[in-house]
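These notes are about the structure you will find just below.
In this document, chain identifiers A, B and C correspond to the written order of the chains, with residue numbering beginning at 1 in each.
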Amino acid sequence: MKTRSTNLRVKLPVFVVVIEVIFVALYAAFVTYDEHTDARFQTNKTNPMDNAMYKDYPFFIDIQVMIFLGFGCLLAFFRLYGFGGMVFNFLMATFAIQWAILVQGYFQFCHDGKIHLGVINLINAEFACAVVLISFGAVLGKTSPLQLLVMALLEVPVFAVTEWAVLKYLRINDSGGSILIHLFACYFGLGVTFVLYRPHLNKNHAKENTTYQSDILSVMGTLFLWVFWPSFNSALTLKGDDQHRAILHTFIGLSASTLTAFALSVMLNKNGKITMADVQNVTLAGGVTVGASVDMMISPAAAYALGMMGCTACMLGYKYLSPFLARHLKIQDQCGIHNLHGLTGLISCIAGICAILMANEEVYGPSLYDLFANRAPVKGDPKLKELQMLIPSLQPGLGRTAKEQALFQVAAMFSTIGASALGGILTGFVLKLPYLASPSDDFCFDDEPFFDVPPPLKPINTIIAEDSTA
Amino acid sequence: MKTRSTNLRVKLPVFVVVIEVIFVALYAAFVTYDEHTDARFQTNKTNPMDNAMYKDYPFFIDIQVMIFLGFGCLLAFFRLYGFGGMVFNFLMATFAIQWAILVQGYFQFCHDGKIHLGVINLINAEFACAVVLISFGAVLGKTSPLQLLVMALLEVPVFAVTEWAVLKYLRINDSGGSILIHLFACYFGLGVTFVLYRPHLNKNHAKENTTYQSDILSVMGTLFLWVFWPSFNSALTLKGDDQHRAILHTFIGLSASTLTAFALSVMLNKNGKITMADVQNVTLAGGVTVGASVDMMISPAAAYALGMMGCTACMLGYKYLSPFLARHLKIQDQCGIHNLHGLTGLISCIAGICAILMANEEVYGPSLYDLFANRAPVKGDPKLKELQMLIPSLQPGLGRTAKEQALFQVAAMFSTIGASALGGILTGFVLKLPYLASPSDDFCFDDEPFFDVPPPLKPINTIIAEDSTA
Amino acid sequence: MKTRSTNLRVKLPVFVVVIEVIFVALYAAFVTYDEHTDARFQTNKTNPMDNAMYKDYPFFIDIQVMIFLGFGCLLAFFRLYGFGGMVFNFLMATFAIQWAILVQGYFQFCHDGKIHLGVINLINAEFACAVVLISFGAVLGKTSPLQLLVMALLEVPVFAVTEWAVLKYLRINDSGGSILIHLFACYFGLGVTFVLYRPHLNKNHAKENTTYQSDILSVMGTLFLWVFWPSFNSALTLKGDDQHRAILHTFIGLSASTLTAFALSVMLNKNGKITMADVQNVTLAGGVTVGASVDMMISPAAAYALGMMGCTACMLGYKYLSPFLARHLKIQDQCGIHNLHGLTGLISCIAGICAILMANEEVYGPSLYDLFANRAPVKGDPKLKELQMLIPSLQPGLGRTAKEQALFQVAAMFSTIGASALGGILTGFVLKLPYLASPSDDFCFDDEPFFDVPPPLKPINTIIAEDSTA
């Protein structure tokens, strides 16, 4: 393994250029503007300020910050792998978004043989990108950029197909993406890292540690994610009160999980001190936990409780489950995504199911059938007409009961976990191809193989001395 | 003092868990949705895009960045207390916001026995949180996280009561929060630090200094605050031209104070160089100074002049007043909040009073009585009817004259200073309880007692050598 | 040169205070509110939420982040010049904006003898500021803050006159500012650096290098610019679908150029590794390249191709052209602005001209004459009436053909390059005045002459030892 070359001088450019030529051809052949982007569709009756962009763009920009700065800084926590964390995140994110625009476009935004593009597609593509970046957390520091690109190349279509099938056939409620984003990303990543198992890394690795500076940088990433998370969870809800609730619940959930994280971090530390890795990760658990019920009338107290529960599960996972998985199940989950996205995602699903079972007209009024669109009466049902007297815009639904909807959520949960784990394992086997320049164990968590790293800092006095002699 | 334990393993978790249980109970019992968040209130006539969230959320998100990233980075300037500055800020902010939602909710958003919640409450709670974080600046590096939580626990209600009393009984104009936010926070913090006086810290402390990296990080915090400050000062103004003016004035004031800060920094430095602490703090003075008159028709030139004046007062305060306060009045104001928030806040109040005295219908048109709502004629006054012909939405006011309004501003200023100083002093005595794990003098400005700090950096060559032998 | 004093204790404060007194007088005499900021203009029929601020402010705030955090971090890449990069950027930006408000105000927003101010002026001023900061990149590390202020003082009016003349007389399409912002800034900066040529800097300079930390900081700056660039390119387009397209194209262009940059960086590196300077700069090329045609119906594939082309030109420029310019033409372009803004700007102009030549009613519908306002028929033309049946708001234009418009674009390109290069050269001569405290060659790329730099880090153990003996 140690003698395998990590030189990318030919491989990476060839891979990227081939991909780019294919992409530009596909964009030219199939991608066009949607009705809010195309000049021809604007008539005299179109009010420019009603353009859909004005509703979506603020959320898009917030998610941009999360993807590029939030994930980028968060993943730069290793002492010698700061470039890798931040820059590979940048590389994968841009690649995954371009690719997701095409694949999601094919499944979700395609009519008349064309993919129709607007800012809404970019938001969806950034969600697909978030999936890839979460999975990246499982293999951080153990993969070459070429492996990461191949992983994104394979993960995006598996995700897009799963997303499309779940949304089209199971038709679930999951505004915050707890099932489709967090569970998918988690089990895909675990599948990959299971196949890429490196026994030597279970011992202490000399480079698997942080510095004062890298810890601070990583906390900044956490703060970027924390601050903008309400936009992430509410970007794709219905507009109006639904989106308003999603913002509130996310904020309250995050806030509760942050406070809990500090308490548990101190309690579980043998010296009663705060562990920076907990501040960087566990504080965010609440954002995931409220996800599946984020736009429902769960009450602010429930959002608070969900934040506390998600945080507790996440913290215990880091303390006890991750070491167990690494030692006994060959799952080396580098950033602990199973704790931050898996366990919390499962809690979120269960909470979502409870919220669905308890939802009724008394609490939601007639807009129950807007939010739970599948529970709206079917076409022809006299109840539909009654409701349409109250809400003329109401579309006929599937007439599902609360219990039926709950069962579909369960089905979505399991099929997502299954599809993602399988996809991850298969992807892992592809990533083992020797061509892909995987770093040796010694050079894990190290920028050296892939970056021109500046030499270590000489003391400033030396430099000044050199100058004065020059 | 040196032997007192700073181990938080039991104390902090117990405190936090008790608080959280109480909070979740209070949220469950008293907190519900407001009319823009509750699904039941949405009828067919509600346009989702008219939801109040769309007006408030962009400002909320900008303030989020200021609170978590702005303050967080700014306070991380000490060489060995970067974790403390950034992470304790994170901890206190989340705690203060949760608590403020309840307390402010009780005083300002409570009807039918319930606190009604929307994004607007979050903005108000973040203002309360800003108050706590400014006060934190006075005791930075000298307090345990438990002390900080207790301080937030006590400061938020004192602030909320003061805010409520001033807004309800004195009814002042203070859109940028110069009186209620900056003066309150400043004198509360000074009160606390006065009681926590540590004579040894007046000598040079070995850890009370910065590094190249920490200075840069702190400037980033300044830039986050600078960039988003217009949103802070305009978040709670009337919509439309008032908010527009608030943005303009804040930008111009900040811009003028920044330029002035560079000039004064170089002038007052004995080598004619720029002092980084000035760049980090004094540049921001203009944002406070325009606060009290930020939505009035003061003219862009006046905003410019206010920026210059605030900056000058702030700079002279850092140079001459802070050392005096520390030596002779036992007020060790760690970040110099008396310069950045106190002196500038006082100037802002005076400027606000001048602007109020000069306000007339000639300059404002009839919307004078919108902006200065207390000057609107009382119910039954024939002048009210005349005005309502021009502005049908105008509410009856108190018929105050400009002079009366000015006197109420003065009263608000003094009562705020009095309430906050008293509250701060009492809080200081509570913080002296031995239970609260205050660090010894030697461990001030040091992360060591409260964080698992990564060991200092070994040279990279050593690591590589270790690896190759492994 | 070595003996010249860099002490600014008198010079800088005098310069700044004189400027500020003049500015405050000019603001007082000539600057007032526009119709969206002035309370008198608000009548009962004004809907506060229709205030122009709500359309402009989100874009303004995004550009703020780019100017202060994006440029600030990006320019802080030198190991010993981090303060200089970030803080001089802050200083120049605030100064340039204040000054641009006056100068652009005089040329573009002046009527009734007054400059009328709203957020839209701030956006325009931030564009002028971006021009100054791009030019700054050419002389980074080789100039005193006083020189930089003088440069901004001279560049802003030259830019404002050029902008005004081009927009008023040539009337071009350039929403992303490829001609007016990027080409102007580039050739002005090259003009300045040509005159300030320092032969000794062509040899390796001991301080002209980066550290691990400074490289990461600089990538963060890149990410800030990357994330918000769509707002930069779309801030001044027509509202509605035009702005929507500008966002899409910028995102796609950036995304394509980022992926290409990684491929080329690895390919051109002799060890097949990623060069951080490429990640910091070349990834952004696509944002410039799509600029001139950013709001046109060029198709997403064309935006993708433009990103790839711009990135390739930029990368080859860094590799081959910059060293050539420095050695043979005395143009020491410190940050390679000729690659990132010049070459890409030229490609963008050519692409814009192609897009203009291909624009027709079939693709754009009648809104062709909105976007290409100069192609609208002249007053009295019967075709105008026909079009006004479809678009009543359509203004009479100049009746230009596509070819005529293309020729005007060419004229604008050459006159902008000419004006900026000449302005830059003349400014360079002014900057050579000995009064302006230029640093000696040895102290280039060094904060030492202008900042109180904290002493180098002593090992933490030493400090703890000192404490325990204290």
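Here is the rule we use: a residue touches a chain if its C-beta (ideal position, glycine included) is under 8 Å from a C-beta of that chain, and two chains touch if they have at least 3 such contacts.
Here the structure is a predicted model, which is why all the values come from computation and not from measurement.
Judged by the touch criterion defined above, the protein chains are all mutually in contact, each touching every other.
Relative orientation of chain A and chain C, expressed as the C-alpha superposition rotation angle, is 120° to the nearest 5. Two copies of one sequence, chain A and chain B, touch each other mainly through non-matching residues, since under half of the numbers at the interface are common to both. Computed centre separation for the pair chain A/chain B is 33 angstrom, with centres defined by C-alpha atoms.
The residues of chain B that reach two or more other chains are 58, 213, listed in rising order.
Interface of chain B with chain C (complex): residues 55, 58, 62, 79-80, 206-207, 209-213, 215-216, 219-220, 223-224, 226-228, 230-231, 238-245, 247-248, 251-252, 254-256, 258-260, 262-264, 266-267, 269, 271-276, 279, 283, 297, 299-301, 304-305, 308, 363-365, 367-368, 371, 390-392, 442, 456.
Residue ranges on chain A touching chain C, taken from their complex, read 7-10, 12-13, 15-17, 19-20, 23-24, 27-28, 31-33, 36-44, 46-49, 51-53, 57-58, 61, 64-65, 68-69, 72-73, 76, 82-83, 86-87, 90-91, 94-95, 97-98, 117-119, 122, 145, 213, 217, 449-454, 457, 459-461, 463, 466-468, 470.
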